[in-house]
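Beneath this line is the structure, given in structure tokens, with notes to follow.
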């Protein structure tokens, strides 16, 4: 039997990077932009934070506040630039979103591994990794401290970015559903022509939501390195979590609050293979890892078969908007 | 009623699109506390004129004053600020949002749906609308969507309302409801304009009527002082002598027999209601009617593109054997020799592929005939060249994408291709839409040649004068019903015009 | 009266069309700019003379006979995948599932080689492998296609997910077939018997793939431009309404075309597993399913042009790694160069499709 008290926190910390990614991508998709560059952006978010932190640690990392702020700001700047690049190409230049997104992912993963590799060379360590233990200490400090009661283990055993992820998702949900900005954003993603006719600036909404979405997604990369991986960067360690985040958007039918639970579920599915009873064929492990994708496909199929309008992708998803097009 | 100062004064408004003059020095006054019917045939410039008031178009020349002050209306927002709101034929609503959300869309300030809901309720109570602010648009009927559009305009404080053919999508009951609401608004001191071509609506609803014809302002008068006959005269003008050739029918035999055909569109609105007629070989059957009265649905039903609710469509061979067309797919019907060339409003989109060149478009009908897996490229190419030559299509080459041809030339390509199929039945709609005189005559000649070759030609036209001179028989549609079938020779324009606006064409007086 | 402010400062309109030399000029300028820009970036990072960098990039691809072969092999495989996804793209159906379909084909191939390697005669084994890989790839593509045709399920997201499902299935079988137990990899399949290995043609084991890619390029070009199927695909892609109007069954075309896409991807999987790698890994595709999307798109879905675009991307990535190893940088440098080039090319399309008009003189009223 699985020890739930031990399992759930592990599922949560697996899920947090996905939650950042899916909240960011949900905001982006709500504006009608299908940003397949998210995996790349998360890499850039991670490496930018790592670069900032690396040099600050080299300088001795004297100030605790700056030790946290520098990687945070670096990460956000890095992802913001990626978001801007995507917007410039797809919104201003109306390029194909799929192609731009895929190129952005190639580019972003390249940037991540390239600068990661360069830093590893600079660090001159024996193993091909960068260790940022000082920074990580702040990022992975938990409110529970060393408490081992079930409440602390379930709810208080995470770094501050994990709580931030949940708060951001809740805030995103509130903004989308209860504010005028959210209303306008949804209108832009559903029907840019109607939004335009109502005097809403389609371009501005697309830019802002996509860039904010990128920054949020980038934080997922930062969380992964600084908290989950305890400050250790190695090439390609982040894996395909970016794609999983995109799957999560579909799975949570474009609802950030649902995304919170769904991300924990995905996190759980991701590590479920660790908990299979000993003696089972190890190969089954790999099939367990398939589960998040299979359920996502099922959700995608079921929502399209049921054709309930609330659960469909934003109607203009993936299409560029050009006012004078007929 | 104090009608002294007009709410809107339009003077010498001129608007051209390319070489087409849509509005030519139009004068129009709109008063508060009055419902004005803007009457005119299709293409007479009613919508264009009102679009200039609502900020969609900008006039080339002329002045607009609101309450005596000269204004410039650059955008829909400018129009709103001046209290002008227009309800277009195509609704601008976001499907997945609720009525209330759509109504407040684009407005500044904090989002307070409760307050908005209260205000919406208040508007609804004041005029007798029924809107559930929480209902999603995709759950609504067309008339509910229209109501949301009207409330949206009122919510923004409009007191000059323009409705573009609002009843086109409504059932008679819904129309009555709408009219009651519009009267309420008039009594509340708002200025209401409805664009229409339906005579009975003008009579039932309006206080004043203004008539446009071919972009020109013909006149206006209180509705009470006029009658349907006079308005029809103003609308259609005097008969024009065109001298279109009309050879006698060649051995006419029944070819297509339509019986009790009823068709509903996707929204469940009846577009054809118990329509019966016969189209003969060697004859041109003209179909007259105001646009949107079921012409499109009729032709599409015959071609197998439209779902039919009830009735039958038989194809009759020379030997008298019959075959039912309903239930067959478009390809089968095509292969039986029924050919449809429908020129839609945007000209492309149906029947032609804009990004393909002329030769490739010729292939749309014939590509299945190539040998083996490959298409036959030579004969479409030849056909394209023939069409270009015979119909004088202006194009750099047959390798030019049709998208880049002018509208008239696109049409020639489409009609030319359909005729080249050597059909037994040729269905054609708006074949001369937007064509110059010479090209139009080329098309008429082609149709006559088809007729003389024994083809059953069904010709849906917009121009009554042409129908009267070209068709052997004219079927008049009115609101999806057959208003009458008259012989083309000797038919009077007035009579047919009346039949278009009123079933049977009889005035009540 | 302020009627002058009607026209905005910058007004973007769609172009009718451009003569081919101007289109070509814009693209060439974009590539040139990208090359200069990436040279600058490299110079900043390495402090080397940019000319030397370009020479290094060139050497990465053409430095030795072996490198040329590797370049050709990579181009051939990438081209195969790009050819495979193109019919779907022509239909405006975004098949991002190339990777998954290749893996499905590769898995079927490996399964045949492992399970039937010693049971069937060589030629029959290869026939069975061919059939299995093609069917596997096709099935993997038809699943999303059927849902797209039937329920309008978003094919971009569906095919994307199918990639990862395929990856995990392959991972599963790798553990099942791993040699030796616990190694986590299959190793070279049938290393001694070479059962199911595609025969070597000519001087290099890569030549066969190159020949197949060339043949398929020509076939695909003919299929798309001269066959009835190709014509139907084009019509459906341009306008579903027109397609229905002339009696084309849109649903059937979607499924049929995706089936073709998947089958060809499956074949690419066969070439990778049985032709060159002789093993199966989860990363055997090297992301080619995605790169192929870009190859195909950059070539405007024209198979002949894809020869150049796939070559360009492979050339850059090889050059990038050569620069990286030559100047002590990370091997991912190639990805960055590829990204930069792609951004420039993607951006340049705008100037081909649209025209930017600046307001000439205020006072003209020209609203539309």
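Chains here go by letter, A, B and C, matching the order in which they are written, and residues are numbered from 1 within each.
Everything that follows uses one rule, which is that contacts are C-beta pairs under 8 Å (C-beta built on N, C-alpha and C of every residue); 3 or more make two chains touch, one makes a residue touch a chain.
Since the model is a prediction, treat every value here as computed from it, not as a measurement.
The chains that touch both chain A and chain C are B. Across the assembly, the mean Cα position most removed from that of chain B is the one of A. Inter-chain spacing, taken between the CA centroids of chain A and chain C, is 26 Å. Distance between chain A and chain B, defined via averaged C-alpha coordinates, is recorded as 50 Å.
Remark: chain B and chain C have CA centroids separated by 46 Å (rounded to whole angstrom).
Contact of a single residue of chain C with at least two other chains is seen at positions 368. The touching residues of chain B, counted against chain C in their complex, run 57-58, 60, 70, 72, 74, 305, 329-332, 334, 348-356, 360, 363-365, 367-368, 370, 373-375, 377, 401, 404. Listed in rising order, the residues of chain B touching chain A in the complex are 75-77, 92-97, 101, 104-111, 136, 138, 346. Within the complex formed with chain A, the chain C residues making contact are 12-14, 94, 96, 147, 151-154, 156-158, 160-165, 167-169, 171-176, 287, 290-291, 293-294, 297, 328-336, 338-340, 342-343, 346-347, 349-350, 353-354, 368. Interface residues of chain A facing chain B in the complex, by the touch rule stated above, are 178-180, 182-184, 186-187, 190-191, 193-195, 197-200, 309-310, 312, 315, 326.
If you check the complex, the residues on chain A that touch chain C are 34, 36, 85, 88-89, 93-96, 98-100, 102-118, 121, 235, 240, 243-244, 246-247, 250, 281-287, 289-290, 293-294, 296-297, 300-301, 304-305, 307, 313, 317-318, 322, 324-325.
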